[in-house]
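Next come the structures, one after another.
In the two assemblies presented below, subunit A is common to both, partnered first by subunit B and then by subunit C.
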Partner chain A sequence: MKNVECNRLTKKYGSIYAVNDLTFSIPENSITGLIGRNGAGKTTLLKMLAGFLLPSGGTVRILGQNPFNNLQVAANLIFIDDELALPENMNLGEILDTAATFYENWQPDIAYGLLDYFSLDLRSYYQQLSKGMKSTFNVILGIAARCPITIFDEPTVGMDAAVRKDFYRALLKDYLQQPRTIILSSHLLGEIEDLLDSILLIDAGKKCLHLSMDELRSYAVGLSGNSKLLHELVKEEDIIFRQQLGKDKIYLVVRNRKIDFSAARFKGLEIGPVPANDLCVYLTAKHKGGIDDVFKHS
Partner chain B sequence: MMSLSTVNLLTNARRQFNYKLKANAGLFVSLLAVQMLAALLSANGTVSIGWGTGNSVAYLRLISGDVIIIFSLLWAFTAGLTVAANAQRYDFVFVTNRLSSNLSSMAVLFILSAGGGVSATLCGILLRAFLIITKDGFIFTNISPYVLLIGICSAVLYSLLFSAVGYFLGILAQRNKAYAILLPALFLGLLFVEARSVGGTRHILSVIHFFIRESSLLIFALKILLTVALLYGAAILIASKMEVRQ
Partner chain C sequence: MYLNADDLTPLYMQVAEWLELEILNGSLQSNEKVYSQYQLAEMFNINPATAAKGLSLLAEQNLLYKKRGLGMFVAPQAKEKIRAKRIKENLQQLVLQLVAEAKRLQLSQAELIAMIKNVDLPKEE
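Our next item is the complex of A and B:
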């Protein structure tokens, strides 16, 4: 069964499309990274999955049901973003106890354990926490709730590097103990790459790619060498990114298809893999030359 | 396959009720503050008449709990607004849908109204007792258990009404922010227009008369409860199509 299904999903604000004609599905028990630049429509998409927003067009199905205003979906889904609206007059311990009453699979040991590990005091109040500590507390809620559908929208905002690393590790550990469908949005793929089964890359509300991590890693190759030779070898439409390295030397990121690698090596061209994070940046860039294009004619 | 949770609407609303009672606990503190302020304001009597002949002077002071009741009703109205605003923010962190959220809000407001109505009436009694002890003079007072009971009932019912109006307006304002400006403006405007139109139909006055000119407690209760049910029903209908955290 597909736990998450979107069909031609669209969300319009005035004349602007925040999400535009998205069709994809996510199988159960997988970790999917939702990657996109600022304003790509990640949050809008996730809020429609969580049933907070109504689509302007198309359909969304969570566990086979329409999530909007749906109690059964809500009981099986948790949506965590960087700042949750939690009551000012309840301390962290009280909030955890409240969460425990709502979620059937709630894991108090994990919740308290993580709170202790990250040095959060049960008696402190959410509004008094720093940005990073709020995020930390939010992800603890998300992990301990063990919902069949767990959505994290930019969960690591404000966390320092050490906490981020610990969070990813905690998430993976808990996922292995209790597999579920996890969607994790981020504009940085690098950090979460090893965690993911697949990625959904969106740009300006549209689907760019939806591939498994293995497929993504072999999706493109980086070639560098003489500009003329390179352009003879690859088709213009396959070029994803272009960077001038020297007078005649050029670096190209190209779709990995129909490339004669032996001929390339013979001509002295260098071939290398493209880091997944860089590839996502190149794919969602407006210009093939990146920021260099701005300075080209000046 | 991870087993899915199924949840019953009323079970969830009950869990939410417990959560929201804690989350809105600050309202009890503000109720206490409002009633203490009102008691202070009415400690010198709401009406006082003095007259004298020759070398003897007499004062008549009317002590009543009316100010406390009025303040408590205004508090009930803001409690309705607050609970509506908090529901939009706090409820959707945990498991909910709109119906469950509205039902639990209603339950919270029932408890708050009961607390407000009972404490307002008792506060009025307390005020009189305090004055009997501290002031000299003859005291005429009529607080039989029956009168007290009627007082409490009507104070609770009025609180229910005011909190339901507040809640309804709070939900309406979430639907569209413009209502938050339009409705108070409409109310005040109507108030001025009707005050000046002598002899014309006065809608606001007739609405008020509909409730306060009722001599039978039972019919009065029915009127209030029906109005409250209509307000909550409308709030549920309006909320059911609303998006969260826009």
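Our next item is the complex of A and C:
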């Protein structure tokens, strides 16, 4: 079953398209990473999925229904970002107990257990928490709610490296116990790629790629070697990224066309994998040479 | 031959590789139950579907077999099969790379063989 379906989904702010003609679907019980540069439209997309924003065009279906103004979707979906409006006059314990009444699958043991593990005091107030601690509390809500659709928008903002690591592991462990549909947006693909079933890469509001992680890993290869030799082997349109290495050596990231490079290996050509994170950066870059292009003529 | 899989090792292949090593070094014996996809997901902090793909990769090669409702088990002869496969695929590839590098460095065949003979591996437990 497809739990999340978007068809030609569009959101316009004035004359600017924040989300532009997006069509994709996400199957139930899977973890999807939503990746994109700043301003790519990640948050706008997620807020439309959560029913917080009304699309300008196209349709969105969550569990088969339109999420906007929909109680059934609201009861089965939780949206976690760093702007949660939590009551100021309730302490963390009271917020957890109140949240428990909203969500059918709420896990009090996990909520309290995580709160204790991350050294958050039940009696403290949300506004008094540091940025990283607020984010930590937010993700505790997101995990303990065990909603069939769980959306995290940049959940690790402000968290230190240790907490981030613990959060991802907690998320995975809880997912193993209770599979659900999780969408996770992040700038740091490297941190989450191992957890993901698939990745949705968007750029300027448009879909760039929607692949399983295995497909993404074999989507492109990194080649380095003599630039003349490489340009003979590789088609210009397959080049995703180019970097000059020394006088006549070059590093290219190219689409994996399953070309047989084994003969070229003996001429000093090196073939390597492209880290998924780098690949996403290259695919959404406006210049094939990256930041180096800016400094080319100086 | 296509692109060398070793250079682009996807995660599920690394899981399969790890299980092969466990069988090779005797940690997993013939007809012994192997880890479930959920146990592997937890051990390696990876998505359970990825772990399942690693298991089915080995099952496709008849290195593991499935007992309905009980999980995956190590096939008899799995160790010998893995050994033969790795000599044919991995070791051959490594030798090719070794010889190519020696050639780049203009090392004679005798010098290369001497180097191989002099390698002193730490004893494994």
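Basically, the second predicted complex is superposed on the first by the 296 of 298 C-alpha atoms of A that agree within 3 Å, B and C clash if a C-alpha of one lies under 4 Å from a C-alpha of the other, contacts with A are read in each partner's own complex, and residues count from 1 in each chain.
Following the convention adopted for this analysis, contacts are C-beta pairs under 8 Å (C-beta built on N, C-alpha and C of every residue); 3 or more make two chains touch, one makes a residue touch a chain.
Since the structure is predicted, the reported quantities are computational estimates derived from the model, not experimental observations.
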Examine A:Arg180 and indicate which partner it touches, taking first as subunit B and second as subunit C; both and neither are also allowed.
first
Using the superposition on chain A described above, determine whether A:Glu94 touches subunit B (first), subunit C (second), both, or neither.
first
For A:Lys228, decide between first (touching subunit B), second (touching subunit C), both and neither.
neither
Give one of first, second, both or neither to describe whether A:Leu195 is in contact with subunit B, with subunit C, with both, or with none.
second
Regarding the shared-chain residue A:Asn69, is it in contact with subunit B (first), subunit C (second), both, or neither?
first
Where does A:His287 make contact in the superposed view: on subunit B (first), on subunit C (second), on both, or on neither?
neither
Classify the contacts of A:Glu104 with the two partner chains as first (subunit B alone), second (subunit C alone), both, or neither.
first
Of the partners subunit B and subunit C, which touch A:Leu86 in the superposed model: first, second, both, neither?
first
Can you give me the overlap between the subunit B contact set and the subunit C contact set on subunit A?
none
Residues of subunit C that touch subunit A when the two form their complex
1-4, 7-12, 38, 41-42, 44-50, 53, 100, 103-104
Given the complex with subunit B, which residues does subunit A contribute to the contact?
1, 28-29, 47, 51-54, 63, 69-72, 74-76, 84-87, 89-90, 94, 98-99, 101-105, 148, 178-180
Residues of subunit B touching subunit A in the complex:
1-2, 4-7, 9, 12, 15, 18-19, 22-23, 25-26, 86, 89-90, 92-100, 240-241, 243-246
Over in the complex, which subunit A residues touch subunit C? Could you list them?
30-31, 168-169, 172-173, 175-176, 194-197, 213-214, 217-218, 221, 256, 258-262, 265-266, 268, 271-273
